[in-house]
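Both complexes shown next keep chain A, but they swap its partner, so chain B is in the first and chain C is in the second.
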Partner chain A sequence: MSEDREPTVIVKTVTRTVVPLIALTAIALLIKGHNLPGGGFIAGVLTTTAFALLYVIYGLDTVRRDLVTNAGGVGLLSGPTQSYTRAFAGGLALAFGSGVAAMLFDVPFLTQAVVFVDGIPLYGELEFASALAFDLGVYFVVVGSLLTIIAVVGKE
Partner chain B sequence: MASEPAFLEPVLLGALVLSAVITLVAGYRTIVGPTTPDRVVALDVIATNVVAIAALYAMFTARGLYADVALVLAIIGFISTITVARYVTEGDVIE
Partner chain C sequence: MTSTVVIAPLLVALGTAILALLTRRVPRLQRALSVAGAGAYVVGVAVLVRAVRLDPDGRLVYRVSNWDGPFGIVLIADPLSTLMLALAAVVSLVAAVYSVRFVGREGQRLSYHALYHLMVVGVTGALLTGDVFNLFVWFEVMLMSSYVLVAFASDSDATRAALQYAVLNLLGSAVMLLAIGGLYATTGTLNMADMARRLADPTAFGIDPAPVLGLSALLLVVFLLKAGVMPFQFWVPDAYRAAPAPVTAVLAGVVKKVGVYAVVRLYFTVFAAAPLTVSLPGISGGPELGFLAFFGPVLFLMATASAILGGLGAIDQPDMEGLLAYSSIAQIGFIMLPLAVAATAAAPAVRTVGIAAALVYSVNHGLAKSLLFLAVGAAEDAIGSTRLSDLGGLTEVAPVLSGAFLIGALSLVGIPPLTGFFAKLLVFDTAVRAGAPLALAVALAGAILTIAYVTRAWNNAFWGSPGSRVHAAATAARTGRDDGPAVADGGHADAADDAHGTAGDDLATVASIADPVLVGCTLSLAVLLVALGIGFDPLYAAATDAAAAALDTEAYVRAVDPAIAGDAIADGGGTGGDQDVAEQLRALRGDGR
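Moving on, here comes the complex of A and B:
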């Protein structure tokens, strides 16, 4: 990045403040998604917007050097892009596996279960829903695919 | 909501109508606007007004889920404005 194209101090500081807030909002939407509006897709989109903000303000090189320090891979899919494609593949495997896992219990594909655990200190009742595994898979698929597009298009 | 004042509902309705009218006027500027920065600012006004409409509707219906809609729309509008501003000034979004 040449000197005259450097973003202003204001936008850099705002980015440093806003990106953790966006990540927090995304995680909140992901966790409450089973019972309330939200879920894996919108959480993934919000996480991608946080990364897109970093890419726009700080540039490809800073993200490669400080955030996603993956040096492997060849050609178009080298560096951080390889991490994104792996997140895509892992998320797809997780979503598919959470569907197949239901079939091991002799119930139809993608059947979900929920477990309520009582007496947890400071929190009271905690709800473990198996839909969270599927939502996590969707989350990683969305993050991986959108960030692959952003990184590949941004490189050109 | 027993403590809700009587003028709350007409005020919220008036604010909703006002935001909708401003959005329409900004839409006119988006279509006509002679230069690209005009259109960018008009689109930013539209995004902000949609956020305002979502927040007002959350208060009008007393349902919290529209507050989430407003939050996510505000984040995406902020990022799109920054990205378009960078495109207009630099001609290149990601470098």
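Moving on, here comes the complex of A and C:
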């Protein structure tokens, strides 16, 4: 986005409203993903679109300054690309680890288990699926790799 | 669970790749992990080879995520896949050690080691999987990382070669997906064993085997593209020139052989089961030949073209890498030739010999060609060029490296007692046993061409008086040795131009201009070629076992799933699949509760 053409107030306001909604939808898809439409991949892509929207409307530098650097732990790292690659490697390790963890229980690689907890007040039944760990790994791989591409290509 | 050994090599390679990614900021640790991971991979493969050998059935099956075939993905280790895995393990270990010296700090920052191990992951998966779609996935894993590795040098040549390589292989992947989709639509399954079972008795499952012929021909194009057989060879020279030497060694030594493996596995184990009479002009294919009556002549033509035209192309190359790349095309013809003869031979004995010949030749070519590429890489590292006009007299300045190169070259030609001799002998033996004079003539012509281009490479690069660049490198190496190590840690000894003025010093004082680690890697492969040639029996036994395993469709089906081999699914056809999946899902949910 060139300097002389600032995005309009409408676009900025819409972005501000839409980005949290996209993030929320992404999280919903991630959690539901193991047995309903959704999953780590599509949640990751959605999250990346939220980031891409911010990049386009607010510019690369603002996002880096306000979101990536100031947001707690990630601020320790030297640049956004670094933290994205780290997310990528960490996600891959998480997905791999979730598969290997199954082997500790003497079942084949990537075997998944599911636990249902009944009688939770207000919510009712809660489902804990081990596939979520794998999905989370996929999520981080997708987010990390797509954002690396956007950040690197966007900088060019 | 004993069958955990089946997935062990895959997990080791994948784990190494992830660790290499995580340790990007500690280059020293990353290098150590990369080599340790490659070593662990060899151990994993060795354990698997032993386990398969000890297994009474000779086949180990692993059900990933505990889902049964034909719906879940199964991994199968049998003598065929373990033989190829053993080749992959040896070459990838040597190339990994070589990479540590060859790829500089900058290369390491670009995730060289992670990509390298991901490529090994792809190879391992493709060799182990028992599912056609999963095969596609592993091919992609292998190719994705190889795209980057081919483009690694990042200059204009490498980028052009990588672009060409990527576009061609993406096209190939699209065709592969199309063929696999068609196979699924026709046979109603993606599991190789289940597909073989259904094709063996098409009427019981309501399958028309005729479309499978076309689809498998489409699939063959993809495998031959990966293997670099003649009409699909044009990406080979550029990609091999562009990629770093250890990557080229793995591409030529291992990745190509995955294409060969896929042809043997799918066409001889799976598609051969279909009873379909194919009649082509001049070929009297009975029903016992089935699909192979069609693929035999096709493979024969391609093998002939590869062996002859590849050999002719290699003679005329101006640089070593180009020569070796064309030689790879020619040698893949030698691998395909016995397969073509085996496909048209009805006698099981000839078929076994033919496949064994192709496998032994694959092992020989995998080791010898990796050796040659590594040796040329070591020479380039010291001299800065691989053009034949710049080389010459390498025997004087790099005697050990030259010796290793000579062994690899002689093995390619097929001189006893090297492995290459037995490989060529088996190819000729197959042709004679099958009574195929044409195949014999092609093999003979190819062998003569091999001698021609190998002689040219040796005469121009290794014998004669040292060229000016060689001389300069030798002088630089000597002065460098006086005041410190010749090659900086991981750096390239591109000192040829710096010391050009002092050329003319006494060469005899220089022991070797090449980096000792690189030479050591090359030498280890040469030792292996000699050892396998002198003690050829175990390799021959392994290849024969592998060939027998490839042809025993029934045992393959039985190993994957005793249930699907025993009872035929009553509802039959391609329509039952979805229902069964739904049932399994319900059962799984019920268990959880």
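Throughout what follows, the second predicted complex is superposed on the first by the 144 of 156 C-alpha atoms of A that agree within 3 Å, B and C clash if a C-alpha of one lies under 4 Å from a C-alpha of the other, contacts with A are read in each partner's own complex, and residues count from 1 in each chain.
Following the convention adopted for this analysis, a residue touches a chain if its C-beta (ideal position, glycine included) is under 8 Å from a C-beta of that chain, and two chains touch if they have at least 3 such contacts.
Owing to the predicted nature of the structure, the values given are computational and were not obtained by experimental measurement.
In the superposed model, A:Met103 lies in contact with chain C only, and not with chain B. Touch criterion not met for A:Leu126: it reaches neither chain B nor chain C.
Residue contacts after overlaying the shared chain place A:Val117 against neither chain B nor chain C. Touch criterion met: A:Phe88 reaches chain C, while chain B stays clear of it. Of the two partner chains placed by superposition, only chain B is touched by A:Leu46; chain C is not. Look at A:Thr25: by the touch rule set out above, it reaches chain B but stays clear of chain C.
Legend: residue contacts after superposition of the two complexes on their common chain; A:Ile149 is shown touching neither chain B nor chain C. Within chain A, no residue touches chain B in one complex and chain C in the other. Chain A contributes residues 1, 5, 7, 11, 18, 22, 25, 29, 36-38, 42, 46, 49, 52-53, 55-57, 59-60, 150, 153-154 to its touches with chain B in the complex.
For chain B in complex with chain A, the residues that touch the partner chain are 65, 68-69, 71-72, 75-76, 78-79, 82-83, 86, 90, 93-95. By the touch rule above, chain C contacts chain A in their complex via residues 1, 4, 7, 11, 14-15, 18, 21-22, 24, 62-66, 589, 592-593. Taken in their complex, chain A has these residues touching chain C: 85, 88-90, 92-93, 96, 100, 102-103, 106-116.
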